[in-house]
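What follows is a short report on a single structure.
Chain lettering (A, B and C) follows the sequence in which the chains are written, and residue indices restart at 1 in each chain.
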Amino acid sequence: MSQTVLKEHASSPAAPDTPPAHGSEFLYYGLRNKKLVFGLGLELLLILFAVIGPIISPHNTTDFFKLGAPPSAQNWLGTDSLGHDVFAQLADGIRESYLVGALGAISAAVVGMVLGFTAGWRGGIIDEVVQLFTNILVMIPALVLLVVIGSYLNTRGILFEGVFIGLTTWPWVARAVRAQTFSLRSREFVDLAKLSGKRATSIIVRDIAPNMASYLFLVIILLFGSSMLLAASYDFLGLGPTSMASLGVMMQNANLNSALFYHMWWWVVPPGLVLTAMVAALLVANVGLDEVFNPKLREQ
Amino acid sequence: MSVTVANLSVAYRSHRGDVTAVDGVSLTIADGEIMGLAGESGCGKSTLGNALIYLDPRMKVTEGKVALDGRDLPIADSKAMRPLRMTEVSLVPQYALNALTPTRKIRRLVTDLLKSHGVQDRDEVLTEMKRRIALIGLTDDVLGKYSFELSGGMRQRVTILMSTLLNPSLLIADEVTSALDVSTQRAVGEMLLEFRDRGYVKSVIAITHDLSILAQIADSIAIMYAGRLAEKASTETIVNKALHPYTQALIASLPEVGVRHDQTTLTGIPGRPPSLVNPPAGCRFRDRCPFAVAKCAETPPFEEISPGHQVACWKVTKEASK
Amino acid sequence: MRRFLIRKLITYVLAFIAGVTIDWGIPHLMPGDPVQTYLSTFRLQPAGYAALYKTMSQAFGTNMSGWDQYLHYWKGILTWDLGVSYTSFPTPVSTLIAQALPYTLALLVPAIVLSYTLGNRLGAAAARRKALDNTVLPLGYIFQAMPYAWVALIVPYLLGVVWHVFPLSGGYDHSLLPSWTWTFIWSLITHWFLPFLTVFIVSLGGWAIGMRNLVIYELENDASRYLRALGARERVIRRYAYRNASLPQLSGLALQLGVVVGGNIVTETAFQYPGLGHLLFTAIANKDYFLLQGIFIFIIIGVLLANFIIDLVFITVDPRTRLSMQGAQA
């Protein structure tokens, strides 16, 4: 899973010594980086589909058609065993996945940044405590934690699921932010800021954050991808929102209704394929972005 | 002649075009000579030195030849160079403090290198290494240690030991003293001298930007500027009787021990070296030279002004011919 | 510095305490009475409800104070008394876990070990050969991005439905009775293969990519450059690079365990493979809270143990950590 890549970033220490690419230099290298262009392009296409898909879909998810019909002119991706149009479900499902992914990434980012900055800036006992907390949470399997807590709760909704996922994955962000804050706070420009009497929060926001922005961005993109995958697993296990179609729910229903046994590949293949594309595009774009940000990584 | 470099040019490709880092350099080094190679950052000295042993894959030799002990040194052919590395030509790299892999003990590192070179009697070589370790004042439990267990100065010296273990004809020492404190610098300098005197190495090229260490250990000094040689002469000549305006400016800008600078100001050399992507025609020091004339638009030849003293400067050539 | 080991131990102990606390705390912190929630799954007459409520409260211990309940729960954990499962009444939770465990281990251990070792070799090979790299890299990213659930559906589709090679679900053929016969064992194996393949495929990509990046980094760092400058054979340099790269990759294994466990749950659910994951799924579906809590704490223990083992291996393999533990001096 994308967490392997996250792990690498988490274990590599400080902010780059060479300043990250800015402005026009970024654009120059960015447009020439095949991975970034491909990944970003594919991702944007999928996001576009998420936006217009439900609009262009000729049917709603609640419309009934012939049960278990293969793809046809009427139902572009066929129907499932309950007679619902698969394409409509897919369009809705992609939207839902993006929303949950974004929510997860944002919540993880917020919590992770707050804790990471505090730990890195203050150091000492606060740092030790946050680190302890982070190390413990990292060891506990995210899905297991989600499942155990989620099965007791009665609320099922995208907002809840997204924030929830974020609350189990923030340690990755916190680690990265903490490492960066540590390495940056002893740099000269921070000393200068302190000498000129700026407050801590101001220094963090104005001086430190922009320097780690690129790195942070990379971590959050990865988190976006892993949130989407976690949500799909969570939904697949039956804990997801019951009212909406989501990619995970689609796969769950396909599984429960023995779709494969009945050769209904049009029900099974699209949701997972699209999700794979969504996450893979993110991963590839992420690598490309990393190369653009860090000149040292660029292959000549 | 131990080492002969004939009209060597090395270039690499960057996203802005081809950069000729070393441009038509010719020099000779005698057996047993320690030649210092000095100049500003980016002048090409490191490229030159390193090209003689391991040409970075991104670089290519565009012209010239190198000969070692009368035989051609195939620096452009990495495969042919491999058996010659460490045995004939060796390197103490700029990054020597990180050069020793952290997951293997020193002894293992040495034996693996010896195996790569097909050395059969490895135990004998190790015994010799222990002798040399004692020579430089370390204890031979160093062999059983990992690199991170040693201090910076120790690591530098162990690296020099390893690089010279097979008694190469030419040792390239790239910034060997730059990362060290003054007393360790002295120890390393003495180590190089001792090794040369005992014949562990024949010739040495000591690359540095620090002229003062060269004044202590080098027999001759070659000054490089913007990819070309500016001057080469014995240490004594360079320090006291330098002729090239650049060398003179360099020597003049060195702070002297015991001199207070509230009376005089430290002089530097105003300006910056030219970009090597599109170098200017003629003498490259022209823009910063206080003696530049119209003739300097033509490239001055690097020629011998007096025995053992070569300079590339029109002013010097003109004065010498008078 | 013994600090390293002590720190690690403290983290493990605290993680365990946290796990137990979460396990105990969640149902009790949820709005509503846990006994009420439990009983709501039944359809009871008021008289029966009252009687059951009284008994259950005593059984759950909800008539004790919060702190007492917590301690009581700890006692249960430490004596490995995890209560009784409601869905498989009166089988104790610990028995159910013990029954499901071998299936999960049979799945996880080979899948992790094989995907790790193969992925590492693949990644290291890709780091050396550009041609191989151009295939491994995109494939690796794709595999990494595939949801476990999807692979768990596609793989049996290809190998079980399209080509009738493997069975689609279950731990063994349900027409057979467990026995030490070749037929039964063969049935176990064929039912094991597809879930194993699923977990293997998804994990493989991540390892390959990770190792590839690490080896590339190692092959270009100062230590490798020095060896090359001194004329070491490329084979030796590669060996050194691989060895150095294996260390961060090993610590990565510890971090990845959580993901693989999660994937395992999904896979077992999809295949109805009778391991811990499937057991967890049925516990959720049937609101069998005792079973759920038991499995949770068991998984926590397992993961912590695995982390600890990896830490020990790391110490033996990495000279830096090992020597800092013995307090060696420069």
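The working rule: a residue touches a chain if its C-beta (ideal position, glycine included) is under 8 Å from a C-beta of that chain, and two chains touch if they have at least 3 such contacts.
Because the structure is a prediction, the values reported are computed rather than measured.
Compared with chain A, the chain whose C-alpha mean position is the greatest distance off is B. Relative to the centroid of all protein Cα atoms, the closest per-chain Cα centroid is that of A. One finds 56 Å separating the Cα centroids of chain B and chain C. Per-chain Cα centroids separate chain A from chain C by 22 Å.
Chain A and chain B have CA centres that are 51 Å apart. In chain C, there is no position where the chain touches two or more neighbouring chains simultaneously. Those residues of chain A that touch chain C in the complex are listed here as 1-5, 7-8, 10-11, 132, 135-136, 138-145, 147-149, 151-153, 225, 229-230, 232-233, 236-239, 247-248, 251-252, 254-255, 259-261, 263, 265, 268-269, 271-273, 275-280, 282-284, 287.
Interface of chain C with chain A (complex): residues 10-11, 14-15, 18-19, 22-23, 26-27, 30, 37, 138, 141-142, 144-151, 153-154, 156-157, 160-161, 168, 202, 206-207, 209-210, 213-214, 248, 251-252, 254-259, 261-263, 265-266, 269-270, 280-281, 283-285, 287, 289, 292-293, 296, 299-300, 303-304, 307. On chain C, the positions that touch chain B within their shared complex are 221-233, 236, 240, 243-244, 247, 318-320, 323, 328-330.
Residues 50, 53-54, 81-87, 90-91, 93, 95-96, 98-104, 112-113, 115-117, 146, 148-151, 159, 162-163 of chain B are the ones touching chain C in the complex.
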